[in-house]
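Two complexes come next, and they have one chain in common, subunit A, joined by subunit B in the first and subunit C in the second.
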Partner chain A sequence: MINAVGRDIPEEILELTGKEVFHGNHYYDGYVYKKDGPNTKCVINSIGSKLVTSIKEALEKCEIRDGMTLGFHHHFREGDYIVNMVMEEVHRMGIKDITICASSLGKAHDPIVPYIEDGTITNIQSSGVRGKIGEAISNGKLKGLAIMRSHGGRVRAIESGEIRIDIAFIGTPTCDEYGNCRGIGGKSNCGVLSYAMVDGDHADKVVAITDCLVPFPNFPAHISMTKVDYVVKVDEIGNSEKIATGAAKPTTDMRKLMMAEYCTQFIINSPYFKDGFSYQTGVGGASIASTISLAKIMKERNVRMRFGVGGLTKPMCDLLINNQVDALLDTQDFDLSAVESVKNLRHFRISVGEYADPFNKGAVVNKLDFVILAALEVDVHFNCNVVVGSNGMITGAQGGHPDTAAGAKCTIVIAPLLQGRIPAICTDVTTVTTPGESVDVVITDYGIAINPRRQDLIEAMKDAELPFKTIEELRNIAYSIAGEPDKVQFGKRIVGIIESRDGTIMDVVRQIKPFKFAEE
Partner chain B sequence: MEIIKPAVAGTLESSDCQVTVEAGEGKIDFSLESSVINQYGNQIRRVVFETLENMEVKNVRITIIDKGALDCTIRARVEGAVFRSVGQIDNLPWGGAIR
Partner chain C sequence: MINPNKKRLRRTMMFLSAQKPGLIKDPYIYKPDSIMLDLEDAVAENQKDVARFSLFHALRTIDYRGCERVVRINGLDTPYWKEDIRCSVAGGCDAIRIPKTECASDVMLVEREVEHAEMEFDRPQGSVLIMAAIESARGVIKALDICEASGRLFGIALSGGDYTKDLQTHITGTGIELMGARQNMVIAARAAEVQCFDTVYTDLNNMEGYRQDVENIHLMGFDGKSIINPRQINIVHEIFTPSQKDIIFAEKVVKEIEDKKAKGIGVFTVDDKMIDIAFYDGAKRTIKLAKASGVYKGDL
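Entry: the complex of A and B
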């Protein structure tokens, strides 16, 4: 069945998943449902500790068995040890058929690939996967269907009961023996625990894993003891150097700086750039450079930002230090400056539900004026792909891309026209992750295209001195340089689905096939 | 042209390709490893065969490791390898066989 972004979703997948095809961003607006709650084992006695001696003991106490769903968060990013540590133990216990429901998985988790191959793990639900897990899925090694969900989409899936997490493992930089978790302090300081909050609220069993046990009460708790069943102290929960890096040096790449300049000029010429505007950006070189150059213009023109959201980095936190923004809303800290900034009273931790869940009573993304995003590919329908590489291999994550793009009044995607030989602007993206209806502007080093759905923005920009082109013109320039790419040759088997924010199916991902020349 | 001795042109840098030519077995024996093979494998093959045809090379084992080179680069590297294989470094036919 063809969905709203023109992708054909096979009937077998609709039957298998019980899902509908994507009908457009607002298809579920006003939908009423009852939230799912966890089975809760009460602690009334006052013996006083939830400490267990090992992950194995925690697994036994949680009555781990075949077919269970385990939850993980990715605040430790490429420095995470938790997933590997837990899965190694699960594997050793001979447990099979596990579903991993993670907020994201990365290269740090390459060691679990053998557990995919031997059937310990048969399903993966994640924002995305990188590294060897992505290759394993694309090569058809995962028995079940991989589900790629946006950050908001994961909260929706859990809160609506579409997926029930049997045991959630929450790596926490500090914790007391009764389970009060904080993202701050210890050896693996990640600042916030936003992605794990929904696991705390909805998982049947919650295990906190820390390498820094502190005396009770570890307050104010980011995840409360009222939600935690067991606490495990281990030697190391992560590699602090890979959790929060030093602030990235501002890019000196002229191409990125040029795109950043286009982006800043576009923003200040748009009707949303006025006192009290709101803003979110990612961690790409061009995005960070845009924030820096925007801050300068805000100062010159005496324009103040009301709030910034993210995924935070130093340039965003500098806005707070320099008193150019009223508040920062924080879901994840990418560098040490952002972790440090959490102490600021106007730097607020928010849950990913508050941030992006389409099935609550309104998320922060809905209040965004600007969001600046990147993409692997954008097509002439403005659909974006951030999950599947142009070679067909799963290699990225949805993250908050579809959430913020849907919510923001002005969604700007920055992408260099060519990445090596690969055109970032193409006729049809390999896989749709964010629908074109969410994307307003595409900025490349060869020009800027405004989505024709946004005649208001086209009108507002008519006097701006920027190199505007149509999206088709941008694609044609890319193809004239690199040649028109052939479509990737996929196999028949569907190995994963791209779920839209509301749980409908945006696209499918097929198994990769070895390349064959058209003629020999 | 007849390939006389094995020769190499190009590098393994991004957006370049490394072309190796050796004497063949009576035909064009083509092998390609490319970071963009899924999207451009056919196009690269076409460009290489066209370039060899222009130079009248019919008997060659040609091996290419491509890192996303554009067609113009691929052509230049193939021509470079072929001329090196015959030891020609002067009087290169710019605008003739090389185009």
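Entry: the complex of A and C
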């Protein structure tokens, strides 16, 4: 069945998943449902400690068995040890058919690939995957279907009961013996625990894993003892060097600086740039450079930001230090400056549900004026792909891309026209992960295209001295330089689905197959 | 016939190693007026033929979108320069830059090879221009001879690194060591009615020092500057492009002089400044530069 972005979703997949095809961003607006709640094992006794001696003991006490779903968060990013530690133990216990439901998985988790191959792990649900797990899924090694869902989409899936987490493992930088978890302190300081909050609220069993046990009460708790069943103390929960490092040096790459300058100029010429505007950006070189140059202009023109949101970096936190923003809403900290900034009274930790869940009574993303995003590919319909590489291999994550793009009044995607030799602006993206209806502007090193759906923005920009082009013109330039690439050749088997934030199916990902030249 | 590009706008000339595909594939997006594809110092001795191969195909296949394509050939004391010229001309370059030019005969030697190459590869006679880099005390002294050595020569450029070595000093960042050469070269270039380009500024982290350097050479009368990074382009263009204020004043001067001339008035004031016919050429030049830089919106 053809969905709203023109992708054909096979009936077998609709039957298998019980899902609908994507019908557009607002299809579920006003939908009423009953939230799912966890099975809760009451603790009335006064023993006073939930400490167990090992992950193995925690698994046994949680009555781990074949076919369970385990939850993980990715606040430790590429420095995470939790997923590997837990899965190694699960494997050793001979458990099979596990579903991993993680907020994201990265190269740090390459060591679990053998557990995919031997059937310990048969399903993966994540914002995305990189490295060897991506290759394993794309090569058809996962027995079940991989589900890629956005950060908001994961909260929706859990809260709506579409997925029930049997045991959630919450790596926490500090914890007391009764399970009060905080994202700050210890040696794996990640600042916040936003992604794990939904796991705390909805998983049947919750295991806190820390390498820094502190005396009770570890307050104010980011995840409360009232939600935690067991606490495990291990030597190390992560590699602090890969969790949050010193702020990245601002880029000196002129190509990125140029795109950042276009972005800043676009923002300040748009009708949304006025006192009290809101803003989100990512960690890419161009995004960070945009924030730095925007801060300069805000100062010159005496324009104040009301709030900044999302994964935070130093330039965003500098806005708070320089009193250019009223509040920062934090879901993740990408550098030590952001971790440090958490103690500021106007720097607020929020849950990912508050941030991006489309199935609550209104998320922060709906209040965004600007979001600046990146993409692997953007097509002439403004559809973006941030998960599947142009070679067909799963190699990225949706993150909050579809959530913020859908919510923001002005969604800006920055991408160089060519990624190496591959056109990033193309006729059809390999896989649709964010629908074109969410994307308002594409900024490349060769020019800027405004989505024709946004005639108001086109009108607002008519006097701006920026290199505007149509998206087709940008595609044509890319093809004139690099040629039109042959389509990636996929096999028949569907190895994963790209779930829209409301749970419908945006696209499918097929098994990769070696390229065959036409003349062979 | 005079090549119409001889006096084109050349505020920035960006050095790029001809050997690096990532650099030469699309430098035009940064909008330098000229790019200089280097076969000389940026290319290792045992990679000269590789660089030439890459240069030839870049010139043949990449649309540089109006950017002038200059090739810096190897020195006339090397075994490479003749083949460098053949390859550049065959590829379709716009100009050849001669390194280490010491005297007029160096220019004439290159001119002859360029002529041969134009014939060999069926390019119109005179289509390939020449510029000379001056890198020694002797070259500076001979600047006027060099400027007048060939009708193809559109300008001379100072190469500060080698020049200061020859002068037994070094680059200080203040420009004091370059003062004599800069003055002498710009005067020679003006006398011969060719263009004059300043040397590179190598400290990419000192953008303030760079801006000062560009402001100085602009006031000295240079036409442009050699640059080593796209980050340096905008500052040169900003300083070398007439401001809207300058353009409006120049417009008034041109119009008033023409108007008053018809009425038989020789001296008068514009915006409280005394103006006579001596200001005419300068004002016309401002308008011309504004047009070439794409910032002129008037009707002159």
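Quick note on the criterion: the second predicted complex is superposed on the first by the 519 of 520 C-alpha atoms of A that agree within 3 Å, B and C clash if a C-alpha of one lies under 4 Å from a C-alpha of the other, contacts with A are read in each partner's own complex, and residues count from 1 in each chain.
Assume contacts are C-beta pairs under 8 Å (C-beta built on N, C-alpha and C of every residue); 3 or more make two chains touch, one makes a residue touch a chain.
None of the values given here were measured: they were computed from a predicted structure.
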Looking at the overlay, does A:Ile422 come into contact with subunit B only (first), subunit C only (second), both, or neither? first
Classify the contacts of A:Asp445 with the two partner chains as first (subunit B alone), second (subunit C alone), both, or neither. second
Looking at the overlay, what does A:Met254 touch: subunit B (first), subunit C (second), both, or neither? second
Answer with first, second, both or neither: which of subunit B and subunit C does A:Gly483 touch in the superposed model? first
Go through the superposed model and pick first if A:Val232 touches only subunit B, second if only subunit C, both, or neither. neither
Can you pull the subunit A residues that subunit B and subunit C both touch? 481
Given the complex, residues on subunit A that touch subunit C span 252, 254-255, 257-258, 445-446, 480-481
Would you pull the subunit A residues touching subunit B in the complex into a rising list? 390-392, 420-422, 481-483, 485-486, 488-489, 515, 517-519
Touch list for subunit B against partner subunit A, complex: 14-15, 35-43, 45, 67-71
Which bits of subunit C are touching subunit A when the two form their complex? 25-26, 29-30, 63, 204, 229-231
